[in-house]
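Going in written order, the chains are labelled A, B, C, D and E, and every chain counts its residues from 1.
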Amino acid sequence: MNNHEALMPLVAEIVDIRVDTPDVKTFTVLTPDGKKPFDHMPGQCAMVSAPGVGEAMFSITSSPTDTEKMEFSIKRCGGFTEYLHGVDVGQQITVRGPYGRPFPVDTEFKGKNLLFIAGGIGLAPLRSVINYCRDKKDDYGKIDIVYGSRSKDDLVDYAEILNEWCSDKNVNVHLTIDREQEGWDGHVGFVPNYVSELGFDTNRIGIICGPPIMIKFTLGNLTKLGFEKTQIYTTMELRMKCGIGKCGRCNIGSKYVCKDGPVFRFDELDELPDEY
Amino acid sequence: MYKIKISDLPALFDKLSEKYDVFLPVDFDNGAKYKKYEKGDVLSEKLNTVKSPKDFFFPQTEDMMRFKTEGKKIDVIDIREPKDDFIVFGVTECDVKSFEVLDNVFLSEPADTYYAEKRAHGVLISRACSKPSETCFCKTYGIDPSEPSGDISTWKADGTLYLRPNTDKGEAVISVISGILTEADDDEVNKEKEKINKILDRLPLKNLTTEGFGAGKTAELFDRPEWAGLSQSCLGCGTCTFVCPTCQCYDIRDFKTNDGVIRYRCWDSCMYSEFTKMSAGQPRLTQKERFRQRFMHKLVYYPENNGGLYSCVGCGRCLQSCPISMNIVKVMKALGGKNE
Amino acid sequence: MQQRIGVFVCHCGTNIAATVDVSAVAAALGREPGVVFARDYQYMCSQAGQDMIKDAIKEYKLTGIVVCSCSPRMHEATFRKTAAAAGINPYMVEIANIREQCSWIHKDKDEGTEKAIILGRAAIAKVCLNVPLTAGEIPVTKRALVIGGGIAGIQTALDIADAGFEVDIVEKKPTIGGKMAQLDKTFPTLDCAACILTPKMVDAGQNEKIHIYSYSEVVSVGGFVGNFTVQIKKKARYVDETKCTGCGLCTEKCPVKNVPNEFNLGMDTRHAVYIPFAQAVPKVATIDPNYCLMLKNGKCGLCSKLCGAGAINYKQEDEIIENKYGAIVAATGYNPISMDKFDEFAYSQSKDVITSLEFERLMNAAGPTGGVLLRPSDNEHPKTIVFVQCVGSRCSADAGKGKEYCSKICCMYTAKHAMLTREKYPDTDVYVFYIDVRTPGKNFDEFYRRAAEQYGVHYIKGMVGKVSPEGKKLKVRGSDLIADKQLHIDADLVVLAAAIEPDKTARPLATMLTASMDTNDFFTEAHPKLRPVESPTAGVFLSGCCQGPKDIPETVAQAGAAASKVIGLLCHDKLTANPCVAHSDEWMCNGCSSCENVCPYHAITYVEKEFRMPDRTTKIRRVASVNPAVCQGCGACTVACPSGAMDLFGFSGKQISAEVDAICR
Amino acid sequence: MQKISRFDIINRLKDLLADGNVDRVLGWKKGEFRYDVTPHVFTSAQELEADFVWGDFCGANFSKYLIKETAKSDKKVAVLLKPCDTYSFNQLLTEHRFDREKVYAVGVACDGMADIFKIKKITGDGISDIKENGEDLDVYTIYDEKPVKIKKTDVLSERCLSCKSKKHAAYDELLGGDGDVLDSNRFDEVAKIEAMTEEERYAFWQGELSRCIRCNACRDVCPACTCEKCVFDNPNSGMENKSPANEFEEKLFHIIRAFHVAGRCTDCGECSRVCPQRIPLHLLNRKFIKDINAFYGEYQAGEVVGSRAPLVDFDKEDVEPKNAVGKEDK
Amino acid sequence: MQVNEYKPLIVAFCCNWCSYAGADLAGNNRLNYPADVKIIRVPCSCRVNPAFVLRAYQRGADGVLICGCHPGDCHYTTGNYYTRRRMALLFSMLSYLGIEKERTRVEWISAAEGAKFAATMNEFVKTVTDLGKNRRLEDLRCKK
């Protein structure tokens, strides 16, 4: 937590808007004096708000290693996100955070091979970790990224994936799309099946993010490959309001997603009542 | 230990209100309610105020900040004014203990500065419960109403109010009024404690226990069939949560004024169907799940995170207020270990 | 969706700019959230102004526009078309009325400017919440109804029929023809009214496309433009129209002879079975049930025995006919006002004080005197006649009687009457008392001057104060304002130019048509200048004196204009519906029927529908459903609905609330 | 003392269950103390024997539960209805809120319900038992061996003091006989407030409504508040609001709520009964009822199924607002 | 210091067919009335939800007018009859709660009554000015 009131937001300015897919835009934000609003760890979130419009929790998608700026990739799905998708560069918003438990990049992940599995907008929360690990490649083993979307046009961060990730030596990117498409010569098929086809060994940590149904089947397929739930992580984003584990909205069992999450290991999730 | 004649209480309140904002329970036609002391106000004999004193520290509605926008620019304005010291007088022990519950939430890192500031400035003067109600069950949670805590403890006995400071804040208050207090020994107070303890033994809910609840009981309790029957008549209103001294769920909302936007927070209730609703769906679909959440939180989830402390203090307000008379006691009796 | 709003502030020449600092308004509104473009301009409604709007929409990718200008009742449609032409939805347009409701009523420029900004702000707040609306289509019944069979109605019907559409005339009297049939000559040409009217009546009667419901009334009107459902009560005339040949035998032989003849304004009598006049259309007898012996007490039956065609049917009953129409024309005409309140002219005291319309009948060859001018009291030739103009017209509002307006036709017909009298009876002295003589019209003033100068009619500027019958004479006391003296005239006949007023049936009809009326019960136009023959209610048109006093050529012209509007409407197979209609959020509807109860158009029905609930079960729920073609968008249901499930496109709760907020900011 | 005994009711209900006419009964369940009775769905004779109560604290109106209950199964549910409850029952039927065919309505005669708050005002806290003793209530407390004798009429709840009807507006069968529609004095309180000066009225309501904690108990218990989603919970209504942030919002909620139920409120009095702050909310609804009666002729919501509520009706000769306000008595 | 004369804020809901047209006619005839009156166009007076009236007060209005066609002349036949009932009850309730009853009003003004429109506004502004600022139904958060 930065030296700041937990609930008092900072003013930030949208300095760049990148159109990723027809319904995903990536916003770069800085404080009005041109600085990164605050530091964070991969997997942490921030509350982004436009006064009078709404406030919502989003994963910070830029890597902590990027000390210049902060980025959010946001999918348009009504309400506040609708607003954000309509603004121009120069629009100020407010941000507060960082919130939540990050991925254990400096503990459990250290020295391990990493397998990132994402579907659709699910790549956004993982991008921060991926880039963090890429930037500190000496601390980690091999990195595999399985990423799929409905179509080529729905792949988030496509340029970055092609230009940066794919050119990294210790990174293996496996892209797939749901259906055949003109101009696509890569893999076609759903992510969970692709994971099985690729047949990873269990000498790695799995990190999954995507639609619930994708997570469910991927988890199953990883288990079939011999993975334990203790070596698979995910991140959830739901109904958070205060961000600091007090307002009660994101409470599931004895956990608060905003404080105890959003990153959970699957064995931890098993302990929770099925209310998410 | 100090004492003052009950008949001299007005002088005490007058003196205190020179330095502090003093709030005390005063009888109204429709029940006791905390009120800022004004000359002539008389301390209520009622045990429970309808609304608990949590309102002083975690108000039902609290403006947090103001935003001004011009074009694309936003200005965030902290609208909090410096808080003066204030006294909440006559807090029963269950209500005092409710602050332990709230503190665990609001003061744990990162601290809620809105709450923290009020706690820093608020002085709790407790009182022993000489006349508990049939709805009282603080004993269940190990709370002793004859031995109240807070910054200052008070007992009423034989036309006299006995005061004992417990903290520095309490001492500071005593020093303001020391001129009208006299030193006293513990005898009368001990007698009063004994008297209270005898009464406690006659309370109808004296045998209620927390057996079967507490940390680690989620799996055991979550899918119990009794939930359906217990929750079937629940109206889904927020009465129990709003009268509860330990409930702390809140909502953050924006209000567009003629001059910018005010962001405020207000009490919310896990009993409301809207509470967990979001664009992606509603994880607690029926009143059964919402009802269960409230009691599981009080009796299992909260203790799990807070060293076994329950998020209920047995004040009995929900027993008195629930429109359909469903309450935590009925839940504990239906699901608990040794209750009946 | 974040809106991109353009604001266009119109100077309207100096109409707005004189009391509103338009550039300050544009500047202030330009700072409002959502506004990306704001400009002021001389005339927004001009081609150049509209082009400016179109260009801005394209250049700034506007999603909605606000025009601060005259009333939306003037140019909302114009700017909607402009918006549509530039590729945005026409319903993404809002008008801030800064002329009629701001610049024209305020004198202080600061005040006007401030108010204009606030009105603009409200419009911006509203347009930010506008949603694109698509108008639905409604079929058009290709048949028109004309209510009233006077010259206005006849001409309208003939013109509509001429264009090939079916048209029905409903006339409450047994024959069409109206007031014009009662006139003698017409000004300023002095041609015979009957000679020019009756051929049209015959045309109407014989036209295959025209159906005349004579002796009938409209009793209810439902539906809406293109789809009216009208109930017509055909009153029992006790004569089978299809059998009656109009031979007139019954009307001659009927033993009841003393019925006041309304066609001659009661100045002679008719029989209980009658044909109003020789050229009546339809030429069918009618039995007056108030006088017919057979109908009153079952004794007589003579007409039935006489009728070779067997057309008499004493058992006939009123009949309700229901028809569908695409358009309705009101042509309900006028009547002279009652003279009851004008005792000073002794109308009720002397038979020789008559109204101008009665004078028409006295001069008419088919009238009670066979066209010979005779005093009603003693059938003598009047030697001195006094015409009094403006009886009941141009009265002050606090006079407690009469009308404030000018009846428009009196000056001319009085000149006509005076001239004709002097021509036929040069020995008769004719005086005309007038306040002003108003003769704007082709050949009107020439006509009046001929009366005064060539025919020696004495025009006296002044009012008649009192008429008192004394013996066989009528003492007329008046003032001559030019000579500044009191006049006493011993007259034989006094003719009052009674003011004209809308027919009494117009008011209830207006209610049925949901058409609005002014305080004088004249129908109001959709726009007094630009849409003079349309009522504000879509599909209802106005023809003749029901809209305001007018003479025959004006009436015929308006009749043609109304007909052309009707034709224009009926030409369409489908109409574009008003998209500002109610809609119900089925998830929120609880099926209580409140909305259904208040809907004046029966546009809301309840349906049982299957819903997939959040817990994946299905549930049958009873929910309201709005028929957008029938809904007229009043909004009654939106307030009746306690759960807020009903809302109105174009005037949603959020939009109105936003306007309130903006105004109160 | 109620006219009909718990015993008689249970026997009849057991018969109904045994006959298979109904498979469950909506009735009152006993609580920890005498007075904390809970609405409950009983499914067996044993359950009825064990937990069913009938007495002076069975205030809850079950009509609204029928919406949820009838949707659960195709079998009939038996419901116990006091005379005042039957008006709500009819009003809900008028608004098509449940299927009459799925309900077996058992009317029970009612002698008025006691108000525990009034009892406690006399006895203080610490009630251990309350026994019905003829026209009296014997109230035992933990502080005294001997009971405090209270005349039931002294502690009758406010709504029962001005009971509008002992006659059931709807039932399939009656237990304990039927009564009459009463010439009640229920508008006296309203008239008293009307007679105050404007300032007094303002001060009165300001005082009452300032206590509101917006717990929504009044709304959620109200048989007329059956919206799928209340406008105050709906972000799209423009009225959404959760807390009594200030004096305005306190009033807004109660004015709009009263307006939404105007002409539909049967004056069952549940709103005031459940209010934890004991705000006399029924005086708002009753004001509308009184006005409706005065302006548009006597109307009792729920008296007849299918009657048209006054606010979705009109008369061409209706009084003008400016002639109506402040002249309710005329 | 300049003494600010109290200017009330009046919100007038006018039905499109009669009263709004009446207001236009008042403008056409250059009939003055104070700029304190701000008009919101609604299709029919029956579109006016009591919530709009309360909202106006919340936001700082000092008086609210609802103007419609004369009873019997409603463009939608019956809309204003419902308005009449709803507003009679609402106003009665407001008065019952001690809110000055003169602040809120229903007026029937036809399209032809431009003069009546102006006269009504003049008179109403005076009435509200005399009453002073709306204090009993204001939301302090909305104050500047």
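Worth a mention:
Just so it is clear, a residue touches a chain if its C-beta (ideal position, glycine included) is under 8 Å from a C-beta of that chain, and two chains touch if they have at least 3 such contacts.
What you are looking at is a predicted structure, and each value in this text was computed from that prediction instead of being measured.
Under the touch definition stated at the top, subunit C and subunit D share these contacting partners: B, E. Here the chain-to-chain distance from subunit A to subunit E, counted in touching steps, is 2. Steps from subunit A to subunit B, taking the shortest chain of touch contacts, total 1.
The largest tally of C-beta contacts between two chains is found for C-E. In this view the innermost chain, defined by its CA centroid being closest to the centroid of all protein CA atoms, is E. The distance from the centre of subunit B to the centre of subunit C, each centre being the mean of the chain's C-alpha atoms, comes to 72 Å.
In whole angstrom, the spacing between the mean C-alpha positions of subunit B and subunit D is 30. In terms of their C-alpha centroids, the spacing between subunit C and subunit E amounts to 30 Å. Taking each chain's centre as the average of its CA atoms, subunit A and subunit C sit 69 Å apart. For subunit D, residues touching at least two other chains, in rising order: 231, 238-239, 245-246, 311-313.
The set of subunit C residues that touch two or more partner chains comprises 598, 640, 653, 657, 661, 664-665.
Residue numbers of subunit B whose C-beta contacts span two or more other chains: 69, 251, 255-256, 258, 268. Contacting chain pairs in the structure are A-B, A-C, B-C, B-D, B-E, C-D, C-E, D-E.
Subunit C contributes residues 587-594, 597-598, 606, 619, 622, 640, 642-645, 653-654, 657 to its touches with subunit D in the complex.
If you check the complex, the residues on subunit D that touch subunit B are 31-33, 35-41, 60, 65, 117, 124-128, 141-143, 211, 213-217, 219-221, 233, 242-246, 270, 273-274, 276-279.
Across the interface of their complex, subunit D is touched by residues 50-51, 54-55, 57-58, 71-72, 78, 81-82, 84-101, 105-106, 136-141 of subunit E.
Of all residues in subunit D, only 71, 95-97, 226-231, 234, 236-239, 260-261, 264, 308-309, 311-313 touch subunit C in the complex they form.
Every residue of subunit C that touches subunit E in the complex is listed here, in rising order: 71-73, 97, 99-102, 104-108, 111-112, 114-115, 118-119, 122, 510-511, 514, 516-519, 524, 536-537, 580, 598, 600-601, 632-636, 638-640, 648, 650-651, 653, 656-657, 659-661, 663-665.
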